[in-house]
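Look for chain A in each of the two complexes below; its partner is chain B in the first and chain C in the second.
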Partner chain A sequence: MNRLKTALKPRIHKWRTNFYLLRKNKLTFLSLLFIILLVVVAIFAPLLAPHPEHIMEMTNPSEKLLPPSGEYWFGTDELGRDIFSRILYGTRISLLASLAAVGLAMLIGIPLGALAGYKGGWIDNVIMRICDIFLSFPSLLLAIVIAAFAGPSLKNALIAIAISWWPWYARIVRGQAISLKERQFVRASRAIGNTQGKIIFQHIVPNCMAPVIVQASLDFGSIILTLASLSFLGLGAQAPTPEWGLMINTSKTYFLNAWWYSVFPGIAIFLAVLAFNLIGDGLREIMDPRTRNR
Partner chain B sequence: MEDYIEIKDLKISFKSYDGQKRVVDIDELKIAKGEAYGLVGESGSGKSVLALSLLKLLTEPPAVIESGSIRIGNLNILPKSEREMENIRGKKIAMIFQDPMSTLNPVFTVGQQIIKVIAKNQNLKGKQARQKALEMIELVKLPDAEQIMEKYPHELSGGQRQRVIIAIALACGAEFLIADEPTRNLDVTIQAGILKLLAELQKTLKVTVLFIANNLSLVSLTCRRIGLLYHGQIVEQGEVREILDHPVHPYTKTLLQPLPQTEEEKEAVRRSLSVQENADQGCPYQFRCPRAEEICKKEMPPVHQIGENHEVHCHFLEEGESAR
Partner chain C sequence: MKNFIIKRILLGVVVLLGVVAITFVVTRVIPSNPALQWVGSRATAEQIAAAEEELGLNKPIPVQLGIYLNDMLHGDLGYSLKSHRPVVDEIMENLPPTLELVLLGTIFAIVAGMALGVLTASHKNKWQDHLGRFFSVGSVSLPTFWVALLLQLLFYGVLKLLPIGGRLSMDAQLFGQVPDVTGFLLLDCLLTGNFSVFGDALSHLILPCITLALYPTGMVARMTRSALLEILNEDYIKAAQSYGIKRKIILWKYALKNSLGPTVTVVTLSVGYTLVNTFLVESVFNWPGLGSYISDAVMNMDYPAIMGVTLFSACAYVVLNMIADIVVALDPRVRI
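Coming up: the complex of A and B.
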């Protein structure tokens, strides 16, 4: 037990310093709290939602398009469903889908980027030119094209997003890998007989993670936004899924009479994107020692 | 004693914009099993290139191995493929690099890195590997092994890091260790500690060591035999005491000289430093040698055996030296 304590002591100290740095940056800390709140909401949505039965297909014509009230905090939609409950469930969908999209993009981009950077030569050229092709399209447009081809569904939308996003990770990791492969510990690792694959995954990839994590947290916001856009255009989640973009899409017909129907999902998207962008910026500052002490 | 390492006729060049430059040109270099051999030369004399070529770690191109053979144990190194080399590196030959500050991976703890090497090379897992790692840290005389295991490289001092690196190199279980200026960037007291450690480990573990340094006094502590490298060629080699007491080659004498005192000596140093040419023919040292004559520009100096264990590549032997 004592041993464990001495072993853990430096770690705890490090967590404390990192936490302290986080606290010093108020905006980052606030957005971190908000993101934690989002995660809690996403996990416990069924318990928190006042009307969980309003999530999927159901009609309640007598209570359609009611303005916000004590019973329905954010009002009701055209079928009489509680918008607040649907937004809570929407958190779950947005977070999970974005996580999957970012994860998938990283899964494609990081190994390809590390391979390109470490190997160099024609392999590098081929991978990077493919990246260029993907990056030459605006990412939303590319995602729309892919989603349109694959058929509209939430799963296809997030695959489309991952496909249009991976070149960013490949580029970041490639840049890092090029500088890392000349470092002494990579040579030392070769000198004790590690294979190329091992070097890429044990030395190159872990050392690239700091900028990748920052980029991922910044991207998380944009991906939530892109996902909502795809759903808004009818290429993502399909009714009756309580997806934020989809809710705004259906609400546009009723916008003049029922402002709450579009405004509250819009605020949800706005806050989530803002929080992820702020935390990305904050993380970048924390991970870069030069900006740390400001 | 049986020769463990045998380098013959090894010629390595680098391609550059103005043609190929020869950086290593060794006729013969033999190291016996369990011996510590010191290779001394100034920067740019080809020490590190030679070390990397033993592991086949040179990037080709720009490096070109023109000819020669390297035998380590019963392995013929040069024709081996990259995949075969991956099995030889670490298991048979390990290397300690120049700069202890950057040889460890900054994102893993020291323990994780040692355990990884042990797991790879000795097929140990979990607790056993950890136990072995602790033993290795204790072997290199670092106190508080448990604590060191949990530390990241940046939390250790240069000397501690170099000890960890030595531990990793030994954890491979290699029988041949290349130490490429292991005490560079360390201050003098720490240097002494590391050298003492290396000498002790070499004796207790009976590994063969190729010790590379730019300073004769460093190798004299650890090695029994030394060779002096100039422009990729061995100009003098023999037992360390013998060479320190009776240096023959002018280059060796320069390296052993104390700081220049008189104007004359300073001028000689200045003159020798202004010349950086590569000799096309003749003695490689001809441009800097204080006693160079016509013959040095034309002919490769012959190998003179002085005594049993001392050879020198020079046209001139001082009076009585060949007789000794």
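Coming up: the complex of A and C.
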């Protein structure tokens, strides 16, 4: 027990310093709080929304395009639905879909990266050149093409995003795998005759996860933004889903007479993306000691 | 040096081939029926079969890819399923308005971004710095299409200062004798001395350009700031200071010059990003360029058009990336 404690001590200490650094950087800390708020909103959207019945198909023509008021904080849309409730639900959609996109990108990228790093040689070369090709392609463009051909839906949009994003994770994991494969425990595992698949998934992949998760949190803002852009182009979520980008797309017809319809969903996108970007910046600063004292 | 450039260009070619292969696979693997699109929904089975024959869709996929590559090298991107015109011609027609936006937006971003970068670096940790840094992160987090709508709301809806969209107002189109020399409207107006149309065209350009410039402005400002902060600590700046040279001159002339390297890289890279961003901006401002063209193509499932624009933008992106790498390599301080 004591030995465990001493072994853990530097780790706890490291966590504490990191947390201290996080606290010191007020903007990063604020964004962390905001993200926690977003998650809470996403989970409890049905309880928090004042008009949960306004989420899906519903028409309420007598109350259409009402300006913000005590009853409808952010006004109503062209079908008379409460925009505030819809934005709250939108949090759930944006976060879940982005999470799914990142997860899928990891699912493709991590095994490929681990394989490339562990095997080396021509396999490594082929996989990495494919990564180069994907990365030399604007991700939004690739996502547009895939979503356009697969047919517009939220599911296809997030698959499209995952396909244009996986090389980032493959690259990181490859770098980790190269340094891991000569470590004692991996060599030991090889020596007792474990199969390659077992070595890769039991020893290499779990030890690559930390940098991958950091990278994912850096990417999250851009992914939310790309998803909203696809929905805005009509290639993502479809009506009546309360997705933020889609709401702005429908608001295009009405916004000159109903400013609230476009303004509030946009603020939601902006704040969510900003919070994740600020966290990303903060994390980078914490992990890069060169910029720490600036 | 020479070796590096040759290697980089070869890599660019490989990447381009890969891009072609990926777009090709994407367009063929995902089930859709281009032949039906070509002949229309009321066609008979024989007509569809004939169209498949004509479009080469009945051949094995690798053969189709080979044919596509061969055609592409001869400048042939196929025919639009909707208009039945060569995709290359349509791209060429829609390119100048988009380039106009991208170029002006980028120039704006360079000027504004560098000014902001110098301002924030010279007032490090003061309110100007905080505001500027907040702008840099903020501009990267803003949804472009939303900014476009907000600008329309403000400058058209509330202030009634600028037009809501399009490239020219109705009056100018009808009575202004719109010049057509190069396709770049502003340039054409200057060449023919048509200043009333020039003014009209310029007023239509302002909002889309600002929208597009936002992202690269933030990037340039960030890059300039960090490069300047590093450079301002160097000995030659201290030497210049001890000579009593004015702070402004040191900043704008001595220091800025050496911070240009990273800025150039960011600018070339962000031009590619801006090109894709125009797709979103054009659809809001109803701007008749490549973005509107690809949106129409997406709506109509016009796959040769989608592929054509994609390939074109990807090529532009790859070439710009290449230029960025080579420019960095040209800097004598960088050793490869």
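General observations
Convention: the second predicted complex is superposed on the first by the 246 of 294 C-alpha atoms of A that agree within 3 Å, B and C clash if a C-alpha of one lies under 4 Å from a C-alpha of the other, contacts with A are read in each partner's own complex, and residues count from 1 in each chain.
Heads up, the rule we're going with is that a contact is a pair of C-beta atoms (placed from the backbone, for glycine too) under 8 Å apart; a residue touches a chain by one contact, two chains touch by 3 or more.
Bear in mind that the values here come from a model prediction, so they are computed numbers and not experimental data.
Using the contact criterion defined above for the overlaid structures, shared-chain residue A:38 touches neither chain B nor chain C, since it reaches no partner.
When both complexes are overlaid on chain A, the residue A:259 reaches chain C alone and has no touch with chain B.
With both complexes placed on chain A, chain A has more residues touched by C than by the other of chain B and chain C. Within the superposed three-chain model, A:235 lies in touch with chain C and out of touch with chain B [touch as defined at top]. When the two complexes are overlaid on their common chain A, residue A:245 makes contact with chain C while staying clear of chain B.
Once chain A of one complex is fitted onto chain A of the other, the partner contacts of A:66 are absent, as it touches neither chain B nor chain C. When the two structures are aligned on the shared chain, A:183 is found in touch with chain B, with no touch to chain C. Contact with chain B, but none with chain C, is seen for A:191 once the two complexes are overlaid on the shared chain. Considering their complex, residues 129-130, 132-134, 136-138, 140-142, 144-146, 148-150, 221, 225, 228-229, 232-235, 245, 248, 251-252, 255-256, 259, 262-263, 265-266, 269-270, 273-274, 277-278, 281, 294 of chain A touch chain C.
Those residues of chain B lying in contact with chain A across their complex are 55, 57, 85-91, 94-95, 97-99, 102-108, 116-117, 120-121, 146-147, 149-151, 155, 165, 168-169, 172. Within the complex formed with chain A, the chain C residues making contact are 11, 14-15, 18-19, 22-23, 26-27, 30, 32, 137-138, 140-146, 149-150, 152-153, 156-157, 229, 272-273, 275-277, 279-280, 283-284, 294-295, 298-299, 301, 303, 306-307, 310, 313-314, 317-318, 321. Those residues of chain A lying in contact with chain B across their complex are 3, 6-7, 10-11, 183-185, 187-195, 202-203, 206-207, 209.
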